[in-house]
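Dropping a structure here in structure tokens format, bear with me for questions.
First chain written, first letter: the chains are A, B, C and D, and each begins at residue 1.
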Amino acid sequence: MKNFQQQDFTDEKLKEECGVVGIYKNDAMLSKYLYYGLYTLQHRGEESAGIAVSDGARTEYHKGMGLVPEVFNDDILAKMKGNVGIGHVRYSTSGESYVENAQPLVVRYRGGSIALAHNGNLVNGEKIRRSLEDDGVVFQTSIDTEVIVNLLARYSSDGTVESVKRTLDLVKGAYALVIMKENELIGVRDPLGLRPLSLGQFADGGYVLASETCAFDVMDAEFVREVEPGEMIRITKEGLESIQYKKLEKRASCIFEYIYFARPDSVLDGVSVYEARLNAGKILAKEHPVKADMVAPVPDSSIPAALGYAQASGIPYGDALMKNKYIGRTFIQPEQSLREIAVKLKLIPFRENIKGKSIVIIDDSIVRGTTSRRIVHSLKKAGAREVHVRISSPPVVGSCYFGIDTPHRRSLIAATQNVEEIRKTIGADSLGFISIDGLTESIGTHRDRFCLACFDQKYPMDVKEQQKANGDGPEKTFNRLQP
Amino acid sequence: MKNFQQQDFTDEKLKEECGVVGIYKNDAMLSKYLYYGLYTLQHRGEESAGIAVSDGARTEYHKGMGLVPEVFNDDILAKMKGNVGIGHVRYSTSGESYVENAQPLVVRYRGGSIALAHNGNLVNGEKIRRSLEDDGVVFQTSIDTEVIVNLLARYSSDGTVESVKRTLDLVKGAYALVIMKENELIGVRDPLGLRPLSLGQFADGGYVLASETCAFDVMDAEFVREVEPGEMIRITKEGLESIQYKKLEKRASCIFEYIYFARPDSVLDGVSVYEARLNAGKILAKEHPVKADMVAPVPDSSIPAALGYAQASGIPYGDALMKNKYIGRTFIQPEQSLREIAVKLKLIPFRENIKGKSIVIIDDSIVRGTTSRRIVHSLKKAGAREVHVRISSPPVVGSCYFGIDTPHRRSLIAATQNVEEIRKTIGADSLGFISIDGLTESIGTHRDRFCLACFDQKYPMDVKEQQKANGDGPEKTFNRLQP
Amino acid sequence: MKNFQQQDFTDEKLKEECGVVGIYKNDAMLSKYLYYGLYTLQHRGEESAGIAVSDGARTEYHKGMGLVPEVFNDDILAKMKGNVGIGHVRYSTSGESYVENAQPLVVRYRGGSIALAHNGNLVNGEKIRRSLEDDGVVFQTSIDTEVIVNLLARYSSDGTVESVKRTLDLVKGAYALVIMKENELIGVRDPLGLRPLSLGQFADGGYVLASETCAFDVMDAEFVREVEPGEMIRITKEGLESIQYKKLEKRASCIFEYIYFARPDSVLDGVSVYEARLNAGKILAKEHPVKADMVAPVPDSSIPAALGYAQASGIPYGDALMKNKYIGRTFIQPEQSLREIAVKLKLIPFRENIKGKSIVIIDDSIVRGTTSRRIVHSLKKAGAREVHVRISSPPVVGSCYFGIDTPHRRSLIAATQNVEEIRKTIGADSLGFISIDGLTESIGTHRDRFCLACFDQKYPMDVKEQQKANGDGPEKTFNRLQP
Amino acid sequence: MKNFQQQDFTDEKLKEECGVVGIYKNDAMLSKYLYYGLYTLQHRGEESAGIAVSDGARTEYHKGMGLVPEVFNDDILAKMKGNVGIGHVRYSTSGESYVENAQPLVVRYRGGSIALAHNGNLVNGEKIRRSLEDDGVVFQTSIDTEVIVNLLARYSSDGTVESVKRTLDLVKGAYALVIMKENELIGVRDPLGLRPLSLGQFADGGYVLASETCAFDVMDAEFVREVEPGEMIRITKEGLESIQYKKLEKRASCIFEYIYFARPDSVLDGVSVYEARLNAGKILAKEHPVKADMVAPVPDSSIPAALGYAQASGIPYGDALMKNKYIGRTFIQPEQSLREIAVKLKLIPFRENIKGKSIVIIDDSIVRGTTSRRIVHSLKKAGAREVHVRISSPPVVGSCYFGIDTPHRRSLIAATQNVEEIRKTIGADSLGFISIDGLTESIGTHRDRFCLACFDQKYPMDVKEQQKANGDGPEKTFNRLQP
């Protein structure tokens, strides 16, 4: 049963591919902590969820399609006992949406069992896969995680640390990994720091690794620090060990975490996500001022930026659109003749608030432009005199190859139209995007620290092959049908 | 499968008991319109949903437990063809949550079939029920709707209009009814106007009746006017006929529709709900000013009032709490030792936004006080220096007997504690409720127009028996078990 | 989810409409006993199941679509406590297959609550329904049970016994009823004894009523006697009371209970069902002897008759057809081009057993003739030299109006073809039906004791109206859609 | 949802582990043929089902827990198009019952994709697994199939035939394999012929491989011959190629296929399974004659043997026990105090048939003895004067390591008790098992052709390690939880 068919409504949004969590803690509630951690990271992946735990001797895992509370129940969690565990939530592109691809991936290898959860995307995953195939390896899934776990197993005789190092020497791309062996938890972040991973600590002992700090809050763990780019953290009963397996000059954290992916109550690299979004709104107000009667967000994600814009501009903040809280669940698509209903069911214009007003509408990004056009149309139809669109991210012109689900470049409206053309397409009275410098200023960090490839196509590593492949779709030699 | 176990999180909220919709329109899409109408009225009842349609000869209906999109699918709607139809969404108290009580209630009677959907509550329902029982009538459900439909059938030989009149002569209480017979749609509102009902019209012919105007917007129907208290509207192929079956001097519309029940984009009795809430915030700021760093809402329902408060006070508006958008679905309750997690999963404090600040937190009502206490505690723990609570409704001291699910009077915190005591209980630095006059001023209507019984216990009709019964719970002689 | 779509495979079979059970016993296991009783009567109705229990003050019930173990689970039964309870399993014609029609029907009436389970069919149900409608009664279902319960409630001020008597004075037709009130259990059998009902007793106190004695065995109750035609049995804490509310000279028990409906281990009116079927086979051998190599049953129901035929004829008994034990569950219907697969999936010829042999195949009835034709074809294709068909019931020429689901008369092959024509139609080398006298002889009871209307169209009461209506289908003014 | 919890009722039965089918046929109905083939082989595995098809370029597969019609529906089959496909049904021991272990196993390897379905059990599977692990291979399941597919992939550069040969050179044990590559179908049977596999042909072109010939009948394929022990059959567009990859003097077909596993309408190695069972009954009658009033089977599997016994002994055949056709589905387990109900719900004694009689009851095997004891007790309680038990297989004294799920040796009653002791344990008046020679005579084949290890512990290959391991249960390093 598919409960979520949001494609029609979130097609404008880039999608994070995953969230990970790992806990080392001698606690009968271990699996509950993992569950609440995943629940908190749910926004990073609504398609599948999984947890694996180990008590040193026995590894138990469970995973399934659906939201965290749909996949797990009390009985299942009660059976998962251990002192170390990892969890995963996953988005995916539609074609690969089957349970075999759910994570953690748990395998038996020479040394026992290993469980792996991965957020990110390898740029040489297919290449390594083929080379492993030449060596006789078979693959049962289409996820990079299976490639990584094969490498880890191959090098396992070298010991945990060395096998991880050798594996990471080979793989290129974006990854935040949590790895569970019988008696250890390992967390790894790629050398450029593309995907986030943070470390927390429990007051009564034990450690937690998670994609975002909001997962620590819910389990009353204290945030310790970010896992550094190129750092491997290994937690065993001896305690925590840090290995800097690679040290690069540059850093390339994904800036979209601040714009849209991360939960606003998370802190990334020392910066409050909420604060950054508020700042972006303020800077946007300076970069693209306008006279208007009201500043309003596209709910929910753009609320902080809209507040910032209102504060900086002095224009009153108000609500122009209401988000239907029931949308997201399956519902019957209207016939063509009733198509407009679909928009109105999702984002409902506050007719009384809008009538005759000039409105600045703040959104966090424009991808295809479709939703923006619908919103402007809807506001105008509801009586808005003027609609000024302000976007708290720069124009998206490049595809991401590091774990974010972007449409083909040809579908990115900013890749083929300039700002004025986009303005016309969406029907706005004016349109302004924050500048790249404005965006990085909002975070308070130098732009060299970020991967900005989706805005400037300067990829932090070689992605020529990916670019070539893009448009042809992912190669598939087998496919699991879904009922 | 219960998807919604919100009791732990919405226990502070009074619950509307129902939403109704009725359409008379010669349109192959009739059932789709009803579906989208119910979808829009979903907030008025999440427990069960139902639709009945008639093509003049044949009546089809379908109902079930769950949200509108869970109960209906394309196949079911495709089978429901007709030119007249009604729909219903329902809340209920836990003990009576079974499919037999779902509406519309469809019966066969002397004259054919009749379908009825009811929002409200009769104060003499049990009395009529007993008197009908004395006459040999049997009842299969515990809903007032079954009482009404029995009366309608009894008087049916008098013709539709007369039978409705005679029925309404007998019943006392709150009701907005939509009634479907083979070739007619009837809408009725009680003489005091306790429950809302509005009339809309389609540009291409046909009428729609709905609890709220937001249902008109989604189906592109034009709002015509409210159904008047004591008015019966009858729609047939001859057109629309209005019968003022009873005319009272006084009016007693439920003021909680403005405070919490109605969707903010609805217009009730000529007043925008959103506007009224904004005004309430402004008036609250005047009645209970305070020096603070930030005004923040308890999301989502208190956002307009918080904006109003911020505008009137000049204190910046901001976010102090984030609502987890996944809450509302089933999730595993934490053990006692992890109980605090449950609160944090629902309303997440924006630690970075709060730290060291004095915050005015706006909520729309306090019922039991539990949630308010948790919120204040949560904000303080997250670093708030001061927490000032402002409530955009007066203290709730009386139970409702007109269709709103209120806890027993002894559970209403304001029934047993004064404001200062409540303040201490919830741990706030200050606490202010809007006055009754302030509230009615926010709506711009004289207080005589409203039922304010939950605030002043002046019930617009005799409810002595209900008050006596209250505390003993509803009488039940049989009970359907749910799996 | 429909688990059972047997129409394609059991279209040859007449279908019993219901099974009932009632228990009066002070036992914490009461609902379990009812459950196992229904489980044992499952063959009498696979569509819906329900149980209602009362502890004197409170009545609990649960019912649903599906088999007994699909409708009930441990949790539900654990909640159903009481000292009196009734249960029901139901077949139905497809058009009326919705949960509202599931039984027991539980209503609240003047005197408390009443639950009713009914096996049978009234011939004047619609007439009484109309007359009650004229009196203002509304109906929510299309089952006769609702008519009966309305009458019981009307007359309830006369006391239980009198109200039942007055009700039964009005209704005409076939019925075995179990009625539960707060502190009493009533069992009633129609004056002609059309539908079966037996009385059992527990060694440790308490009584049980059930459609068949096999339900007693499973709960270790001792069979006491049949409920007599026209007898009402009332069980209260004072004990058991028998009221002969009507005494007719003639009796008209349904003979098809012996032929097909009843479970072979049941005893009806003092006669073992298994024994009767064995005898029928023996008599059939005498009435329609043939020279052949093997006697084989159409499994499972015809096994005893085939054994009897083999014993009487001296022809060896063997298996020619195997029944696929998985059939009965949903499965994907083959395309037209693969249609023959459907037959082979159900009744599999034992090729090795058949090859070159002359076979006597025993079946319990021929209704439409379709299955017989398929079986003969299948056996011949598998190599049978000759196929002689013998039927342990006489030709079915008349529809049943007393609770058995028969096809329209025009679909009954024996209503339009004589034996020789049928033989040709089904492709058999010879065909013989047992005679009516042979059949009654097999039971060892005089033919006057039975309703034989399906064989001779001599109905034991006036069914002219039913015959007129037949062909037009049941009147319906409303319809509940199923997902 | 588990529909089948038969453990309580079939604990006496050994369980076949799997059924396989493979089809090479250019037919739009290919997946339907596979479906009906699996439906026919359902008795060989009720736990999971799966199908994989290939059109030369693209491989699609679907598998799931449950019966064939529960796993597949029309939509899924419609999406599976190709000219070659394989299918699998599976039993399993409870601990390993998760979807990952369902087959076919589909992997991507150097040369494309490969799908494998396996019936049987390797005796050196764990050893090869460890040696592959030493080589860096990881395993995601606990089935031997994954070991085999890894070997096939390793040797794939040698070409299909050679890679299969090299793989089979390594593996030891029992196996019937169907292997699908993009354009070929391979069928393999182990050198001893432990597991059955037959070849069929379609009149309009194309081949089918299946565990039993009954699968051919349903799809109108003609039986060609058995796949020989040690033979590999490869079907491509060039046609069928046979490679005798190993030729042993001895043969060791599993004799339990004749006794219980195979469907009675199948033909194994030229012998009708039904006929063999009938013969076994006749021989049993000679080996263990007794004077009695009736011979009766334990339904359904022992019917042919009982008929044979009756024919040979001259004692009339009759029914003493009825099998509840609804058993097999989930049902609520009775409390200890009602435990006897569970037996009576399953096997119902025909009281009237039994009373005062001396009965010979025929069963196909005794494993633990529990069911036999219950049956004897049940018959005696129902009035049987004497109960003589005759078993159409010799005493089971050894565990199987070749794909049959046997309990630990210590649970086999015949491993610890002699016949007289067993007789006392089960409470029979006499007890007789067929001799090994009698059993092989019933099949008409010399005893050297069979694996009789479960009767004489003479295993056809070295199983010392298995015997050592037995009792400790299967090694597991990880475990997937089931909800």
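As a working rule, a residue touches a chain if its C-beta (ideal position, glycine included) is under 8 Å from a C-beta of that chain, and two chains touch if they have at least 3 such contacts.
As the structure is a prediction and not an experimental result, all values here were calculated from the model.
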Inter-centroid spacing, subunit D versus subunit C (mean Cα positions, whole Å): 37
Whole-Å gap between the CA centroids of subunit A and subunit C: 60
Mean-CA-position distance for subunit C and subunit B (Å): 48
Residues of subunit D engaged with two or more neighbouring chains: 73
Contact graph of the chains (line, ring, star, complete, other): ring
Complete list of chain pairs which touch one another: A-B, A-D, B-C, C-D
Of all residues in subunit C, those that touch subunit D in their complex: 29, 32, 35-36, 39-40, 42-43, 67-70, 72-74, 77, 214, 217-220, 263-265, 267, 272, 274-275, 300, 303-304, 307, 311, 316-319, 322, 324-326, 328-332, 334-335, 337-338, 340-341, 344-345, 348-353
Footprint of subunit B on subunit C - complex, ascending: 52, 58-62, 64, 73, 75-76, 79-80, 99-100, 105-110, 112-115, 130, 133-134, 136-140, 149-150, 153-156, 476-481, 483
